[in-house]
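Notes to accompany the following structure.
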Amino acid sequence: MALLSAAAHADLYRTVRLIRRFEERAVELVRAGDIVGGIHPCTGQEAVAAGVCAALRADDMITSTHRGHGHVLAKGADPKRVLAELAGRTTGLNRGRGGSMHAADFRLGILGANAIVGANAPITAGAAWAAKRAGDGRVAVSFFGDGAVNQGVLLESLNLAALWRLPVLFVCENNGYATTLTVADAVAGTITGRGEAFGIPSTTVDGMDPVAVLDAARTAVDRARAGGGPSLIECVTYRFDVHHTWEHRARVRYRPDDEIVKGRSRDPLEIQGSRLSDVDRERVDAEVESLVDDAVAFALSSPHPDPEDALDHLYATGLRGRPGDGR
Amino acid sequence: MPWLSYRKALNRALGDELARDPAVFVLGEDVRVAVSNVTAGLLGRFGPERVLDTPLSEQAFTGFATGAALAGMRPVIEFQIPALLFLAFEQIVNQAHKFSLMTGGQTAVPVTYLVPGSGSRAGWAGQHSDHPYALFAHAGVKTVVPATPEDAYGLVVSAIRDDDPVVVFAPAGALDVRVDVDFATLAPVPLGVGRVHREGSDVTVVAIGHLVHDALAVADELAGEASVEVFDPRTVYPFDWDGLAGSVRRTGRLVVVDDANRTCGIAAEVLATAAERFDLSAPPARVTRPDGAVVPFAPALDRAVQPDRDQLATAIRKVLKD
Amino acid sequence: MPWLSYRKALNRALGDELARDPAVFVLGEDVRVAVSNVTAGLLGRFGPERVLDTPLSEQAFTGFATGAALAGMRPVIEFQIPALLFLAFEQIVNQAHKFSLMTGGQTAVPVTYLVPGSGSRAGWAGQHSDHPYALFAHAGVKTVVPATPEDAYGLVVSAIRDDDPVVVFAPAGALDVRVDVDFATLAPVPLGVGRVHREGSDVTVVAIGHLVHDALAVADELAGEASVEVFDPRTVYPFDWDGLAGSVRRTGRLVVVDDANRTCGIAAEVLATAAERFDLSAPPARVTRPDGAVVPFAPALDRAVQPDRDQLATAIRKVLKD
Amino acid sequence: MALLSAAAHADLYRTVRLIRRFEERAVELVRAGDIVGGIHPCTGQEAVAAGVCAALRADDMITSTHRGHGHVLAKGADPKRVLAELAGRTTGLNRGRGGSMHAADFRLGILGANAIVGANAPITAGAAWAAKRAGDGRVAVSFFGDGAVNQGVLLESLNLAALWRLPVLFVCENNGYATTLTVADAVAGTITGRGEAFGIPSTTVDGMDPVAVLDAARTAVDRARAGGGPSLIECVTYRFDVHHTWEHRARVRYRPDDEIVKGRSRDPLEIQGSRLSDVDRERVDAEVESLVDDAVAFALSSPHPDPEDALDHLYATGLRGRPGDGR
């Protein structure tokens, strides 16, 4: 494992902590009715976002999933604007048009979370190809879950990326479940085996440890920037909370209790927190707390969009179709 | 009499058909745990061979259902999101739909595609809120959008028993509708036969899916001004043209309310057919989503792209004035 | 003046845009060898970086184009068969189309989806003969169906320069049309603007794609009986409603001929809009493929499901009699 | 390699010869205009169909591709009715409704050729699952080309088949090209590697030798019948003629001349023919010739369908939609 400076360790911890607290507060806002439609919290899985994004340049690109807040925050999005987006406000990253599953910030290379499992993979490949042609050394990361490795479009994308040696990182967050379906019941063979079948260097890492993830990501990013093509990293992790917040109301049981206890026993927050001095850790915690407080205050005080503007941005060219009521 | 919810009606239809016909089986994502509730209890009653949890492979499991059907089974697929039909679009409209004609009638593909929670589910944003039934109607796949629990039951039963592929959209806006009903009266509802929910003499409102309930509410509201007939086609393809013709003969006026994009939607088809075949005493109107709508996330914007009661009332008044 | 074939017009449009804008590139199956002829010579002129042969991975290469577009490129994808759009349907209507609104206007997805040889190609049977442009119109994706070589040129150029995704159907029935034209006059044709090919005073015939030529032939045939105006919308979404309104104001009668399934097709939308907004002096008519048609293989059956000139002439006469 | 009886060798040769002569005559009928729309001839690739189908029971099932005449004939379809189908006659397998790319004979377990590359794979898996549930020991074969291994739906199907241990044979006919695209330019990794990634036993065999194909198919069929799940067989072969008969008019060049010469130098007809005595071979040739003559005569003398019946069978239930002219 790479030797990191204290500052680097603190940065990783800060990211993990930020995501954790952001998600916890977001869940509260869901319960309070301030976030409509619910969210897919990523608590427990923060190390993946933190570790991968720590290996990236500011101009590198990512795409993400329904469980995407962590990725977006780790890539540098302003927590205020992410939370405002979740609350459907005009100050949100997407002006309230995208919500939890579509957070994007193109100035930061965040090309969008995606609500269709696997659909972001080819989009990432295309962006990476454009970067390769431009010769600007940028890489693109596709985050996805274990459920996505059964999607044809993702497998097709592995082939394209390998064939054309695209600077892509395929980062699989294997949290053991696609909603209620276990990996064992869904994935014949292994996840890394799928990457390898296309000739893509593929490794499995401890997805609870941001440093382990960072290490693997760095190797992959270096290879991609050097023209060595794509890599796949399987990060073994565990989702601490529900698949989606509707489960908070309608408890469905599919994870054994002892598995949950075991899964939660390795906490990225603790793993990375233990690498900081107590003072440093408390300092970061306090910083994060105020960031998140600010985000909540900002989100809840921001204006709601005007229904008259519902179809703004429907077409990039400004085309306006006919309204639904025939006016 | 006991209460039957729409969701429970779907569940009951599946259970009854699984019990009746060993060729029936259910597959889809999280159907064993029954995340959507629609498959609740089925695993326990019928076992894992007849209630299959699939990996997230919509194209393959849709084609899989076609293959099973070709070999004599009657699969029912639950799709968690309307947009997942787009992933399986080729397998439905270009494979399942075409097998009968292309093989010269050698085979049938009795697959039911069930989408519980179509349309907007408040806060699920652009990729989870479509109501794309017109796409299947255009392709010619039988397409059903039940409005009430008893029709949900009866149409799903008929869909499963039908020898052709049938897509069933269960609108999110109808899932919580409940009726007080004698379960013994639940029965198959034939595909392609509409239902007059309320008789009237001034104007026929064709309402699709959950909007039937809105149309009934608006008809109540306008009771002092106008006598509104509410016609629910129940099946959007094949459409009950004769039923509608009968209604329009009585009223002479027509409004369609349809929670789907305007251009080339079901509402367009109803107006087009009316223009060709019916004698209207005033131009018809439709209330729909806007052209090419993408449902924005923020709740007020989400609602703004769906047809609402005010729009419908305005359209009715306008048609009556003309 | 030199002859320009429709196919060559497509080729020329691609070549001109590749030359004009380094962000433009072409991808698809067998585009280097140029199996469809539409990409002939482009590999030699622009090199392999701008003319990409893809594996048979329609979903991935369509999403790939979206990603490249998000990163500043202007991809043009050639699809060998209309049905291949069904494989990529999610990536087009649920991804590319929705990015602009869902990101609150942060980005654009300027991708062109080009289908040379849509509709029946005599003898290619059920899975290769669709004309599914109404599906894209319903979803709200800009959709173009050029009828003539000069429009094919001008519309493809505009599609490529447009900041939104655009699907271009080049009907098989039009690919061999040739015109005698001064190449210097070839120019972009704006999306959403129709064209009156022939003026007339008794009835407006809206014809889509290759059927424009049939409509013109029928107009000639009927010249003794009736004065037929032929209106070609060129873009089926957004549709040139104002242009059509102008034509119908002059003629008062309307027939649509559209080589696509009847229910919820473009012809339905035209009749619906006419019923709402236009003053017609007789019920309109449409000539289309039958409901839910699957094109059978045998040539006589294949032709039997496509609209033909006799049907159009009959429909025109009927509308004129009413 | 298995030791086969003289009769078995003759059977394999007969199938190869039948397919060869059928295709050659079909190409003539295309040129003559009796077959509209053209065909994708499978000359050169006959050993795959012959070898695989020789390993099957009469009630086993197959699905096929755009290049499917060989598979259908090898599975026992009547050449008369196949050719009548190609000529669009009512006596055709599909009553003239399907044509070259959709030949099906459900009584023989031929569930249909398919015009969309890869689309038949999940259909095969579903049919195999039904057979497995019925416990009737039937297996299902999915034939496909090298181009199909880049289709998401096929890769998804490999996963389903492996996961559920379905009695499926995935038979890849690697003829080196998907239309004009070489395997090297399209397939990252290897074809068998894709099967293996899903835990599917995968082998490469000489697709020019019917006996080699039969051997591999038997192993796979035995495994499938015994409940051992799917197998993948890559048959390396070469297409002797064009991708599609339009190439006969519009010569496009993408295969080097020397490659064509080399590819054609190993001819399944000769390879298998050499295993028969001259007399036997001549006898089979004569039999086949008369079969094919009869088929041509039958096809060309059969009635064309009536345009009034164009939409017969559109719905299995007999539903009639509205006609296109508004009658």
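Which chain is which? They are A, B, C and D, in the order written, and residues in each are numbered from 1.
To be clear about the criterion, a residue touches a chain if its C-beta (ideal position, glycine included) is under 8 Å from a C-beta of that chain, and two chains touch if they have at least 3 such contacts.
Values in this document were obtained by computation on a predicted structure and should not be read as measured data.
S.K.: Give me the set of chains touching chain C intersected with the set touching chain D.
M.R.: Chains touching both chain C and chain D: A, B.
S.K.: In terms of CA centroid distance, which chain is the most far removed from chain C?
M.R.: Relative to chain C, the chain whose C-alpha centre sits farthest away is A.
S.K.: Take the average of all CA coordinates in chain B, do the same for chain C, and state the distance between these two points in whole angstrom.
M.R.: About 30 Å separates the centre of chain B from that of chain C.
S.K.: Cα centroid separation between chain A and chain B, in whole Å?
M.R.: Chain A and chain B have C-alpha centres separated by 35 Å.
S.K.: Nearest whole angstrom, what separates the Cα centre of chain B from the Cα centre of chain D?
M.R.: Result: the chain centres lie 39 Å from each other.
S.K.: Please compute the C-alpha centroid of chain A, do the same for chain D, then give the distance between them in whole Å.
M.R.: Computed value for the inter-centroid distance: 45 Å.
S.K.: Find every residue in chain A that makes contact with two or more other chains and list them.
M.R.: Correct list: 94, 96-98, 102, 114, 116, 150-153, 156, 159, 163, 185-187, 311, 314-315, 321-322, 326.
S.K.: Quick check: what residues of chain B touch more than one other chain, meaning two or more?
M.R.: 55, 57, 59-60, 83, 87, 90, 94-95, 101-102, 125-127, 140, 238, 263, 276, 285-286, 291-294, 296-297
S.K.: Which of line, ring, star, complete or other matches the graph of chains that touch?
M.R.: Its topology is that of a complete graph.
S.K.: Using the touch rule from the top, collect the residues of chain C that touch chain A in their complex.
M.R.: Residues 49, 54-55, 57, 59-73, 75, 90-91, 94-95, 99-110, 140, 142, 162-164, 192, 238, 241, 276.
S.K.: Which of the residues in chain D come into contact with chain C in the complex?
M.R.: Against chain C, chain D makes touches at 35-38, 85, 88-89, 94, 96-102, 114-118, 147-148, 150-153, 178-181, 185-187, 250, 252-254, 304-311, 314-315, 321-326.
S.K.: Could you pull out which chain C residues touch chain D in their complex?
M.R.: 29-30, 32-35, 37, 53, 55-57, 59-60, 81, 83-84, 87, 121-128, 262-263, 285-294, 296-301, 303-305, 307, 311, 314-315
S.K.: Going by the contact rule set out above, which residues of chain A touch chain C in the complex?
M.R.: So the residues of chain A touching chain C come out as 61, 63, 92-98, 102, 104-106, 111-112, 114, 116, 119, 121-131, 133, 140, 152-153, 156-157, 159-160, 163, 311-317, 319, 321-322, 326.
S.K.: What does chain B use to touch chain C in their complex?
M.R.: Its residues touching chain C are 83, 86-87, 89-90, 93-95, 97-98, 101-102, 125-127, 130, 132, 134-135, 137-141, 237-239, 260-261, 263-277, 280, 283-286, 291-294, 296-297.
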